[in-house]
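Written below as C-alpha cells is the structure these notes are about.
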C-alpha cells in the first residue's frame, strides 16, 4: 500500500486511538482567528475539523480556513455540506482542496438554512451526503467526475461521514451507517454523546453487521460549558440527547465550577467510550471553546506523540 | 306500523300542551315571521291535527317541521314539559320516509355551482353533509341549520332554504334599509342567537329594537356570518360592527372559533387598508348573560361614537 | 391540486397604484377548491378594495368575474372582451392562470392577487399540505409512495438526516420528517429492505432546472 497523505488515516491505520477536534471559522475576514485556534490545538489532535457554514450561519469558507490552518501545520478535515453547493461546486471544491493539500473530507447534508442568519436563502441539496460520499470516492478511486468524464489526476482523499445514533427513527440508524459505508465512508464522526447507553445499543448493532471493521468510528464529545448550554442542547437541538442525569450533575455544582464539571464529564465519557469495542477514536466538538481541548486530551490520557 | 309511524306514540304527550305560548317567546323562527304556524306551539298543533286526522300530511306541513334552528329553547320554556325536539325528530323521520319534498331550514347545495371541494363536508359540525354519487348531499335529520357551511363555500352554492332573516342576503338587505332610513344610523350588532337572544329578548328588546343608532341582527350561529357581510355593512355607511358570539366552549357548532378566526383575518386586512380595527369587534357573551350583552353593546357604541364616521378625510 | 393563498391586501394595493377600474377575475379550478380564488373570494376582495379606496377618499370601479379555468385560453375570451373597460385585471388564479391571462391581455396590465404555494392535497378540514414538486421524474416507487423531494425539507434521496426527532423535521412547525414517513410506509408494506438501496443522484434535467418544461401530445394535436 502506498503511504497515505492523510495523517488521520495513518494514525487510524496504525491502530492508534485517534483524536480530532472541531474548529469553527470566524464570521469575518481575519485569518488570525484561525491561526490562534491552530496554536491551541496543534500537537493535541491528529486532525482538526473545519465546519462549513455550520448551523447555516455564514462564515469564512471551509476550504480557505483549512488552508490557513494547514499553513500553521495543523492537519484539517474539510467539512462539506450539500446545502450550499450542487455537484458542480462540490467537485470543484474537492479538486481545489486536493490541490491545496487538504486530504480529509467529511461529507454532510448540512443544517437546514432555517436555523441560520439567511433563512430566506434557497437551499441546493442537488445531492445528499451519501451521494457526495459516492462521488468523492469515485473521484479518488476511478479518477472520474460524477458526470462520467475523466479527471486529470485524482484527489487523494480520506473520506468520512457523520452518524447520529440519537436521531430518529432509531431502528434505521445502523442500516443508515451501512449505506454510508457502502458509499465510501472510511471514517465516521458521531453526534455528541451524552447518553452512553443509547450509543452502546447503536454500537451493538454496528458490530453485529461488522461495520466497525469497515469504517473507523470516532465518537463525538462536546464538553458542556454551563448548565444553560446543557439545557439548551437538551431542549432546542434536534437529534441531541442530553440525559437528565447530566443536567442534574450540572445543576449540582456552583456556576463558577460548571466549566470544570463539563470537562470532567467529557473525560469520564471518553474513558467509558474507550471501553466500547469498535470505537477507534474521539472527535471533540468544543463549541467556541477550543482551549478545553488540550485539557480534555491530557486528562483523558490521550496525549499525542 | 301505524299510519304515522313513531309519531303515534306522542298523541298523549301532545295533549299536555296547554297552549300557554311560552315557547314562541323564545323562537327565532316565530320572532321573524310572527305567524302562529311558525311557532313551536303552532307546529305542535299541526302535529296534533295530523294524529287526529284533521290535517293531511303534505309538503307544506313537512317543511314546517324542518324549519327550526335547533336551539332547544322552546322545550326548556315549555310549561307542560313536552319534549318538543323529540316529537319533532319523529315527525321529521316520518316525513322523510314518506318521501315528502323537504327543505325547511336545512342547508342545500346547488350542484351546478358546486366545485366538489368538499370543504363543507369536512367542516360540518354535525356530519350532515356527504359526497354521494357525485353530489354533496345533506342529511336533513342531522343538519341543525347552523349555517356554518354557508360562508365556507367559495362557489356560493350553499343556501339555507328559508333564513327567517338570517341568510346573508337578508342580513345585507336589513342593513341597507337601516342605513337608508335612519339618519343617525351608526352601527350594526350581529349577534349569535344562542348567546344573546334570550337576553336580548327579555331584557331590553324594545329599547334595542328601536335604537336608531344601532341595528341588532340575529345571525343564528356567529360561524355563519361572512367577512363579506361585515365589509358590506361598513360600505353601507356603518361606523362600526360588533359581533357577539357564544364562548367557544359553549358553541355546539364550532362557530365561535371560526368567527373569531375569520374576524381576526379581517381585522388584519382593515389595519392594512388604514381602517381602525376597533371599528370591528367580536365579543363572547354567554347564553343568558343579559347584562354582559347590554354592557358590551354600550361600550362598543361609546367607542364608535368617539371614532366617528368612517369617511374620507375624517378619522379612519 | 395547486394551492394558493391571498396576498396581503397592502401588497395588492401597492401594485394597483392609482388604477381606477379594476376587473377581478376568479377561477373555478384549484383555487376555488382551496378557498383562495373562487366567487366568494372575488366578492370579498372587491369589497375590501372598495373599502380601502373609500378610506382614501378615492373611487374605484370594480368588475367581477369567475372563469371556468384561467389556464385555458378559450375560457378567457369573454372576460378579455369585458376587460377593455378596465385599467387592470386582478387575477385570483394560480401563477399559471395569471400568466396566461397576461399573455392574452394585450396592453392591459395583469396582476396576481394570490401567492401560489404548492401542489398538494387536503390533509384535514381547513388544512392543505404540499405533496409534489413536479420534478418530472417520479421516485415514488422507490420510497413507499411518499416523495422525498417534497416531504424531506432537504429533498434527501437517502435520508433521514440527523435532525429527525420523534417523527418531526428539524425545521420545526410540527413538520413531519419525510423520511420517517417513508420508513414507516416501507415497513407497513413489507419493503423495509428497500431502504438500504442507495438512490443515485437525481437527474434534475427533467425538473425546472432543465428550463421551462413542455408537454407535447402528438395524438391530441
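A, B and C are the chain letters, set down in written order, and residue numbers restart from 1 in every chain.
The criterion applied here is as follows: a contact is a pair of C-beta atoms (placed from the backbone, for glycine too) under 8 Å apart; a residue touches a chain by one contact, two chains touch by 3 or more.
Predicted model only: the values in this text are computed from it and were never measured.
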Label-sorted list of chains bordering both chain B and chain C is none
Core chain by centroid distance, with centroids computed from Cα atoms only:
C
Determine, using the mean of C-alpha atoms as each chain's centre, which chain is farthest from chain B.
A
Where the centres are mean C-alpha positions, what is the separation of chain B from chain C, in Å?
36
Approximately how many whole Å separate the CA-defined centres of chain A and chain B?
65
Measuring from the mean C-alpha position of chain A to the mean C-alpha position of chain C, what distance in angstrom results?
40
Provide the list of chain A residues touching at least two other chains, using ranges where the numbers run on.
none
Please give the residue numbers of chain C that touch chain A in the complex, ascending.
153-172, 177, 180, 183-184, 195-196, 198-202, 204
How about chain B: which of its residues touch chain C in the complex?
115-119, 122-123, 151-156, 226-228, 231-232, 234-235, 269-270, 272-275, 310-313, 316
Hey, which residues of chain C end up touching chain B in the complex?
8-10, 13, 28, 32-35, 37-41, 43-44, 47-48, 50-52, 54-57, 122, 124-126
If you look only at chain A, which of its residues touch chain C in the complex?
82-83, 87, 109-112, 114-115, 123, 125-131, 134-135, 146, 162-164, 167-169, 172, 175-176, 178-179, 182-183, 191, 238-239
